[in-house]
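Heads up, the next two complexes both have subunit A, just with different partners, subunit B and then subunit C.
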Partner chain A sequence: MKTLEVVPLARVEGDGGITVTLDGKKVKSVTLDVHEGPRLIEQLVKGMTPEDDINVVPRICAICTLSHKYAAIRGLEKALAIDPPEKAQLMRDLMMLGENVESNSLHTFLLALPDFLGYPSAIAMLNDYGDDVKRALRLKKFGNYVMEVTSGRIVHGENPGLGGFGKYPSKKQLSDISLRSKELLPDAVRAVELFSSIEYSEYSEVDTTFMSVNAPNEQFGLAGDSILISNGNETSADDYKKLTSERVVPHSFAKRSKFNERPFTVGANARMINMGKRLDGQAADLFKENYSDRWLRNPLLNNLAQTIEIVWALEHMPETTEKIAALDDPARAEATRTTGSGTGAVEAPRGILYHHYEVKEGLIEVADIITPTAQNLDDIEVHLKACAERMLAEGKKDEELLLPLEMIARAYDPCISCATHLVNLKRV
Partner chain B sequence: MSSPRVGIYGFTGCAGDQLMILNCEDRLIDLFGAVDILSFAMAKSDNKDEELDVAFVEGSISTEEQLEHLKNIRSRAKVLVAIGTCACWGGPQAMKLEEGGFEKRYKGVYGDAKIAVSKALEAQPVDAFVKVELKIPGCPIDKTEFLSAVSKIVAGRHPYFYKFPVCTECKWKENLCILLEGKFCAGPLTKAGCGAVCPSHNIPCVGCWGPTDDLNVGAEYKLLIEKGYSPEEVTRKITKFSGAEVAKLMKGLELKDMEAKK
Partner chain C sequence: MHKLCDSPCESEESLSAELARLAGHRKVYVLGIGNKDRGDDGAGIAVAEELQKTFPSYSHSEHDGLEGIVLDLSERDEDAFVVFVDAADLREKPGTTRLVEMEEIRATEITTHRVTVALLAALLGRSGKHSAVLCIQPGSIEFQAEMTAPVRTAVDSVVKVMSGLMERSAP
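Presenting the complex of A and B:
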């Protein structure tokens, strides 16, 4: 028996590793281990007011900070029957577009691309691919700027709140976002070209199921009250427990999810598979050019899906900012009750994020947070195992397995900090 | 002179401080050029565990495996810098450190399942275990404060951080005082450096930068009680981010109050 280890798994957010146990030519097991320490956030927010909760929960993860904030806001607004004004809704759409551009460009260019081109980091690519690294930094910086303008800060902004925003951006800031999103579009298109020119290895291909939110009005989007499943079904987000049925495994401080006893995938590829037909503009053309049924089997294509999504996000900023600029600043909508429950579902860059709350007399009694990476962990292991088995069957040396396995895990854009912080629901 | 040898490490937290380093974007290339970054697992693959001039450590310590790793980093580093609220003060996950009940909360999350990765500990700040030469505050750290601190450290100088609370920055911005509006604001207790960003957005300070140097919990506590908040509510709000530290001070206060009532 021999064990191969990749510890730490570099260029991901958080502390994880891959352990492959080999028995002769057979792969006994492949596990994605989560070493990131537990924080027990959902237990800590018990007894807090909803306002305090939305300060704390975004700290689960810096990369998905606004997704956490928004999922919590959606869940708590349902619980307290708050009806947010239109301008606040549009601001939330805009902040999610910003986070999507920021996170997708960080992951594709700076974290994933070095593997495909054979470098240890994006910095090491500077001599040979300087223009592309700079392109990535421009896109990422712009995504951060949109997050800053909408949320008040690049990371952990407190401006988005229950019922509205503390302060709305100026017309100048909004037109600046609009202008710059148009200017940066060629950089995003170049990202799609780069990732569509890559030869993706077939070793990890296994058919699976994909889940995403169903964005309202038949549009492609990053939040919704129901969940689309790639088998054609649709379920209310309130049924998130059935969709994710969690369990604890010995090699991880992150819990695991299965749907109908089978692993599934969430993320940009799932969004494209379920909502790709709704894309418009250049994003629609790029999707049509690049989409094939390989997307249903090959996790590496999530990188390509993320780049198409950057194009979509940039193309939708001008319209969103114009709508925001045309509306007067509304007062915050108030809570109409102090007891209730609600589930918020949003698309973090790496997939569906659920926040479920039960509030009693103004204080949180139950918080249940299910992160996208936790939903993906089982499926990551399935694809890792398939890859290891096929490579060994072809007579590859043990050491040759390591990089391809890392690349598969990385393709899911795992956010290990997020994944350790999910907590199951314990009724009191 | 060879470039200073630097390692950047992350423990339990949101990775936001490491992300802020990556967020230095156009200055990131200069940063990687000015120092020799031997380890930065979030950003690169070819990481080495060697002797370091400076180790930057993000996050609180919440497993035995992390504690061993932290001690190892300390033994290799001339200077250890804690970056961000979790490393400096424990962060939200340490808010109930003074109150106990960790076992119960842990069970509430993981039940009786055996997790073999490592033994979990209640999260504590880095200086609960090893010597820390410098704390860079923030949740997350501020890019400008970080880059200015790094340039001072590599030049062998001591960086400067604001010693006064958020209120001072808030006054510079000519904001109306949120406490005077009758709303809870953690500004008087919280270290400046964020640019009073929340009050500038009409939102009360949430205290994420950690306690200020000239902390006067007593005065703020008294003020808030006068404004009609209950002691439990005040404790809950001001221990959200740097709980362990502030709770210690709060504990003394509540006892004093109780004695006074007697």
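Presenting the complex of A and C:
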């Protein structure tokens, strides 16, 4: 018995590792181990007011801070029957576009790309790809700026609230976002060019199911009240428990998810697979040029999907900011009841994020948060195992497995801190 | 790792001398890193915020968007010395400070889902800028903990040393 270990798994958020147990040329097991301690946020917010909750739950993570904020807001607004004004909805769209640009640009250029280009890190890429590192930083800086303008701060902004926003950005700030998003579009297109020129290994390819939100009005988007499944079905986000069927496993602090007893994928590739036909502009052209059936099997293509999504996000900022600027600042919408329940589903950069709440007489009784990484963990293990088995069958040495396995896990852009829930190779 | 001293009080003079040697005649910038929600982990932010009162263009915290600031600095035509200030587990007494050369940071840094200080320093180095990391040993990084007394003393000491250096370099 031999164990191959990748601990810690670098260039992901949080503390985890991958353990592969080998018996001769057979792979006995592959586990994605989550070492990050549980955060118990759901217990912490019991008894809190909804207003306090939305300031606490984003503290789960500094990466998807606005996704957590928005998912909580959506769930609680349903629970309290709050109907937010149009301008607030548009502002939420804009803040999510900012977070998407910030996170996707960091992950693709700086965390994933070095592996594909044969460098140990982004630092090692600097001499040959220095301009691309700068592109990543420019895009990230801009994403941060959009997040700051909309939420009040780069991290853990408290401007978004139930029923609306504390303050709305000035026309100058909105105009600045519009202008800079257009200026940065070539940087995003360059990211697509880089990831579309890569020859992706077939070792990890396995058919799977993809889930994403169904954005309203037949648009590509990052929030919705129903969930699209790549088998053609659609289910209300209120049925999130049936969609995820969470369970506990011994090797992980994170719960695991399955749908119809099978693992599934959430993330940018799932969004593209389910809503890609709705894209417009240059993003639509890039999607058509690059999409193939392999997207349905190969998790490495999530990186390419993320780059196309950056293009989409930048292209949609001018229109969104113009609509925001055209509307007067509204008062916050008020709660119309104090008892109720609701589920908010948004697309964090790494997939669907659910926040479910039950509120009784103004205080939270139940909070349930299911993160995208927790949903992806079973799916990651399936693809890791397929990769390890095929490489060993081809006679690859044990040590040659390590980097490809890491690349698969990283392709999901996992946030282990959020999931709380990465290669040990064991030989028996 | 370059160890300057064993305790903050004893370190002030040697820290000042070492920083002055590294800075030379360059403009000095401070970039504070950390999480103020976690007690002593906010030491770097506390240093940067205090210095920002006097040197608003030369001192920034992580909350101002570190990547963007470094990107701007790297594209600026000036001779600069950038000091990243961060809490770090030096396995020393709380409040102990050390100045770490960038090469040593690069060799040991584990990367997560963020732009690493090593990458930012490498980018600065590529554009001819110098940098170093000033580490402060934390005592407690528990969530919502207060900053401990030794680390508060170290923060005050670092602010004093950096102020002296920045006064000489700022126009």
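Here, the second predicted complex is superposed on the first by the 420 of 428 C-alpha atoms of A that agree within 3 Å, B and C clash if a C-alpha of one lies under 4 Å from a C-alpha of the other, contacts with A are read in each partner's own complex, and residues count from 1 in each chain.
Here is the rule we use: contacts are C-beta pairs under 8 Å (C-beta built on N, C-alpha and C of every residue); 3 or more make two chains touch, one makes a residue touch a chain.
All of these numbers come straight from a predicted model, not from anything done at the bench.
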Subunit C versus subunit B on the shared subunit A, clash or fit after superposition: clash
Partner chain in contact with A:His107 - subunit B first, subunit C second, else both or neither: second
Touching partner for A:Lys172 - first (subunit B), second (subunit C), both, neither: neither
Partner chain in contact with A:Ile63 - subunit B first, subunit C second, else both or neither: both
Partner chain(s) touched by A:Lys397 [first = subunit B, second = subunit C, both, neither]: neither
Subunit B versus subunit C as contact partner of A:Tyr145, first or second or both or neither: second
Contacts of A:Lys25 with subunit B and subunit C, given as first, second, both or neither: neither
Subunit B versus subunit C as contact partner of A:Leu44, first or second or both or neither: first
Partner chain(s) touched by A:Ile123 [first = subunit B, second = subunit C, both, neither]: both
Greater subunit A contact set [subunit C / subunit B]: B
Clash-bearing segment of subunit B, relative to subunit C, as chosen among 109-117, 127-135, 181-189 or 253-261: 127-135
Shared subunit A contacts, counted only where both subunit B and subunit C touch the same residue: 8, 10-14, 59, 63, 106, 110, 121-123, 126, 137, 140-141, 144, 153-155
Contact footprint of subunit C on subunit A as seen in their complex: 8, 10-14, 59, 63, 106-107, 110-111, 121-123, 126-127, 130, 133-134, 137-138, 140-141, 144-145, 148, 153-155, 413, 415
Parts of subunit C lying in touch with subunit A, wherever the complex brings them together: 37, 63-65, 67-68, 70-71, 74, 106, 110-116, 118-119, 122-123, 126
Partner subunit B, residues of subunit A touching it in the complex: 8, 10-15, 33-44, 47-48, 52, 55-56, 59-63, 65, 106, 110, 114, 120-124, 126, 137, 140-141, 144, 152-159, 161, 165-167, 248-253, 417, 423-424, 426
Residue numbers on subunit B that touch subunit A, as the complex places them: 10-17, 19-20, 22-23, 25-26, 28-29, 32, 41-47, 59-63, 65-66, 91-93, 95-96, 102, 105-106, 108-111, 113-118, 120-121, 123, 139-140, 143, 194, 197-198, 200-203, 206, 208, 236-237, 240
